[in-house]
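Chain IDs A, B, C, D, E and F follow the sequence of writing; residue 1 opens each chain.
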Amino acid sequence: MNYFIEHKPLNYDGSQLQSLFTYKNFGLKGESIVVFRGSCRVEQNEMVDLEDVLAKDWIYSEDMLHFIVEHFEMDLEKTVIRQRLLMATIKEVLEGQGVKTLMRSGDDLYEDKNKLSVSIATLSPVSSMIHCGLNVSNANTPIPTVGLKNLGIEDVLAFGERVAQRYCTEVQSIRLARCKVRGVC
Amino acid sequence: MNYFIEHKPLNYDGSQLQSLFTYKNFGLKGESIVVFRGSCRVEQNEMVDLEDVLAKDWIYSEDMLHFIVEHFEMDLEKTVIRQRLLMATIKEVLEGQGVKTLMRSGDDLYEDKNKLSVSIATLSPVSSMIHCGLNVSNANTPIPTVGLKNLGIEDVLAFGERVAQRYCTEVQSIRLARCKVRGVC
Amino acid sequence: MNYFIEHKPLNYDGSQLQSLFTYKNFGLKGESIVVFRGSCRVEQNEMVDLEDVLAKDWIYSEDMLHFIVEHFEMDLEKTVIRQRLLMATIKEVLEGQGVKTLMRSGDDLYEDKNKLSVSIATLSPVSSMIHCGLNVSNANTPIPTVGLKNLGIEDVLAFGERVAQRYCTEVQSIRLARCKVRGVC
Amino acid sequence: MNYFIEHKPLNYDGSQLQSLFTYKNFGLKGESIVVFRGSCRVEQNEMVDLEDVLAKDWIYSEDMLHFIVEHFEMDLEKTVIRQRLLMATIKEVLEGQGVKTLMRSGDDLYEDKNKLSVSIATLSPVSSMIHCGLNVSNANTPIPTVGLKNLGIEDVLAFGERVAQRYCTEVQSIRLARCKVRGVC
Amino acid sequence: MNYFIEHKPLNYDGSQLQSLFTYKNFGLKGESIVVFRGSCRVEQNEMVDLEDVLAKDWIYSEDMLHFIVEHFEMDLEKTVIRQRLLMATIKEVLEGQGVKTLMRSGDDLYEDKNKLSVSIATLSPVSSMIHCGLNVSNANTPIPTVGLKNLGIEDVLAFGERVAQRYCTEVQSIRLARCKVRGVC
Amino acid sequence: MNYFIEHKPLNYDGSQLQSLFTYKNFGLKGESIVVFRGSCRVEQNEMVDLEDVLAKDWIYSEDMLHFIVEHFEMDLEKTVIRQRLLMATIKEVLEGQGVKTLMRSGDDLYEDKNKLSVSIATLSPVSSMIHCGLNVSNANTPIPTVGLKNLGIEDVLAFGERVAQRYCTEVQSIRLARCKVRGVC
């Protein structure tokens, strides 16, 4: 599994959550996580979370750090578990940078009632995919949020790279952990 | 998914990592997590982690809080991801009780260089299983450890119940998260 | 697994066989079976059974009791087996109401040469789905049919609820039956 | 999928529920169902249903018609669904012979409170397996039972062959039904 | 698994790589391989191999022998392994006709630097599919190629039938090989 | 996927076909292929191929080149397809060394009626495994055989390494080929 940091700004509108996005745009073949920064605005017809659609939730942030993950497996429940682990990982990397005030609730990260993240996992015809966006700033968001800036993270992409690196390492270590045990009765 | 708290002491010697252990002993049918407390001593021939066997590691602790999880799925990699999430969950529940000094490294929890946990995931003929043990005391362990007592956790089983509860809730929420999205291209 | 009885008439034209139909329309998250009543008219371009398309079969009934089932699994053969069991269940619930003249042939129910049912199972991008329609009346159908009215079923939706209930109970009991056995050699 | 009728008496003691039993003993390679007749006595240590073990149930019948089914798949839930369909099939074949008094409850068949069948499904290291036994006589059984003889079935093995034939045909038709549909949205 | 030889010319433009193509056009239900002959011209928007799209490769041949294979399984890696075996099989059938100069490199066949084949494997919503095209003539191809004619194969469809036959036989023998072994420790 | 060449002689008696054999003995974690040389004598009770057991075949060779492959997947049919591809690969590597007289028939390699190979694929509790042995000499074998020496292969382990290398490369390229295609309709 490899990661790529896109340094140019890239706005997320939902169309990036598409199979082979990272391969087509950044040349990474195989399992991947790509990191980029830009606004987040997903219209109703691009939303994949029907819960949001039914609640008429509106996803918007002026400036977010985005992660798009692709695993070439077709078990969506497994990918949702990976997504939860990614959220735990983001929290843990933040802790490594001194931010110890976050709480994870499912696939969301909060500081008190302020939401740091949006996230979704779904299937494409050939893979499963995760999007996670972390607010950089908390300005003008439709609900109370906190941003990485508020948490003291200055170099946002460098932080993103640390997350991507740790996620890749963990995916690899999970694979090997699966290969070192005998069965039991 | 259901949990069970066994209040009587029960020593772990590896033979508890066996399919249907919780059903046979505590009557819980289906996916389960059982929590109990007792010593941990696993002899070489009961070890399922070949890495430990090759390293001639010796698993011993006088007093541990044990979790045994059973999922009726045969994808061990998926179970290893669940195991990592369980470890992240234990750390998060500790944070909720004010313990903010732990770090997760794969399936291990540490305070500095002191290890809090042992853990393994494997397959049985009909399910996949996780064992996780957390030191209660750090006395007489073969490597530097930290125990729940050192972290200020007095009611060890109550803490275990909080973990079990949160794990069950998350397994259920993962299942539902898998059922609310449309596919993407 | 939950069921929902839609009491308002709803005509089936094939577009209801769509992932998350029940969640979007009736708010049921997770595995579900929804029951409703209305006409059935599926045009060639909405048909999912290529056998019917090739045979230029035309699916039409003035008044049917419809079941739409969604399982969040991607093994279509497994869903076809579930579909056969659903048809057997419908027959068994009818027997419980005194109707002992039906025969099941694959995913069809007959009284002599008269067909009671249409049914299909297929995959969506995120789930697998079953549609089953039972004629309420046998008037104006393109082939010889029998309807629930002919069989003496007066309260059609109440009958549908009995089927849905039993199907949900059986799905749950199947899940538990999978979790109570040791493996063999 | 093929079937075999063993005409010589063969007593069932649980050891027949073993991978490749039919291949080793009757030369049928691949998915199979074998039919034979003999007593049924399964000791506690041969039982695979832990529910029976916990309840200290004791499986005994002087004379049973036995079916052993092997599918080379590792999804036990799928095999349990097949098992339920096998039980529905047995009931349907009996109906074809004029016996219209049976009820199916999960994997059991009853005439009123009298049990006709025992059945279990489990995994072997290379396949999944079903055993089903139908009482021929109801003499000396530990619980109230009914036997095929009581139901007027004289040629027990011929009846077994009809079941086996229909089960094989349905497995094949299920396979083809999975291969004739387009996906939906 | 069955095969079909279409004797009428049929040009391949990518739209044939579609689920149930063989069932809809030639009536073969279930796993299948169809063989036909015609030109090959796949425009960018019909290409399924993103590597070709990114490299702006252009697939063209005046006259090819085409194979379209459909397996009703959703594990694309498995289908890619089948595809490699199909390419090895084509090479082996050619050897049986005296052509001993080919080399297989992944899913490509070469004589020296001259390419005999194009091939791709992908998923449809209900199955997995393979296309393989073998140049009949090497005239006017965009890269150096070799054609079956250059290799001395005169009756191209008869050769195609030999491949199809051997592929079907091997798929069947693979299925049975899976059903004749006991597990190991 | 990694390979290991064991240069010390090691006789194969069937007990090497065991999960984690390569990890335990040679330290390779994860998917692996190990190559060694030694006699081959598998007694009836160690045989995993029931076909051989039923035929009372006796596997014996004084001197063989052995390959043991382990994939951490539980789909035995998939592993059998891999095994066939391994056999095709061995033949192709031999062709690269000028040996153009072999024929593959399923999982066997022949020169005329003389058998070069034995091979089997099966499941362990945590993985799937392949053994393949190639006769080095054809002396004293119970059936007509040919050995690598007869084919002019002098450095047997170097040949084995070439096979292992190519197999590892192909497994990796198969994985990537699965990750570069869009789905079709």
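The rule we apply is simple: contacts are C-beta pairs under 8 Å (C-beta built on N, C-alpha and C of every residue); 3 or more make two chains touch, one makes a residue touch a chain.
Since the structure is predicted, the reported quantities are computational estimates derived from the model, not experimental observations.
Visitor: Please find the path from subunit E to subunit F through touching chains that uses the fewest steps, and give that number.
Guide: When the steps are counted carefully, the minimum from subunit E to subunit F is 1.
Visitor: If you average the CA coordinates per chain, which chain's centre is most distant from that of subunit C?
Guide: Looking at centroid distances, F is the chain farthest away.
Visitor: Indicate whether more than half of the residue numbers at the subunit D-subunit E interface occur in both copies; give same if so and different if not.
Guide: Same, since over half the interface numbering is common to both chains.
Visitor: Centroid of subunit A to centroid of subunit F, CA atoms only: how many Å?
Guide: Distance between chain centres: 42 Å.
Visitor: Rounded to the nearest whole Å, what is the centre-to-centre distance of subunit B and subunit E, using the mean of the C-alpha atoms as each centre?
Guide: Chain centroid spacing, subunit B to subunit E, equals 49 Å.
Visitor: Starting from the mean Cα coordinates of subunit A and subunit C, work out the distance between those two points in Å.
Guide: Roughly 39 Å separates the two chain centres.
Visitor: Going through subunit C residue by residue, note those that touch at least 2 other chains and give them in order.
Guide: Within subunit C, the residues that touch at least two other chains are 19-20, 23, 29, 50-51, 72, 74-77, 122-126, 175, 178, 180-183.
Visitor: Among line, ring, star, complete and other, which one matches the pattern of chain touches?
Guide: other
Visitor: Got a list of which chains touch which?
Guide: Final set of chain pairs in contact is A-B, A-C, A-E, A-F, B-C, B-D, B-F, C-D, C-E, D-E, D-F, E-F.
Visitor: Which part of subunit C faces subunit E closely enough to touch in the complex?
Guide: Checking each residue of subunit C against subunit E gives 50-51, 53-54, 74-77, 122-123, 125.
Visitor: List the residues on subunit A that touch subunit E in their complex, please.
Guide: On the subunit A side, the touching residues are 20, 23-24, 27, 29, 72, 74, 125-126.
Visitor: Going by the contact rule at the top, pick out the subunit B residues touching subunit C in the complex.
Guide: 19-20, 23, 29-31, 72, 124-127, 175-176, 178-183
Visitor: Mind pulling up the subunit F residues that touch subunit E in the complex?
Guide: 17-19, 48-51, 75-78, 80-82, 84-85, 88, 92, 95-96, 100, 103-104, 106-107, 120-125, 129, 170, 173-175, 177-178, 180-185
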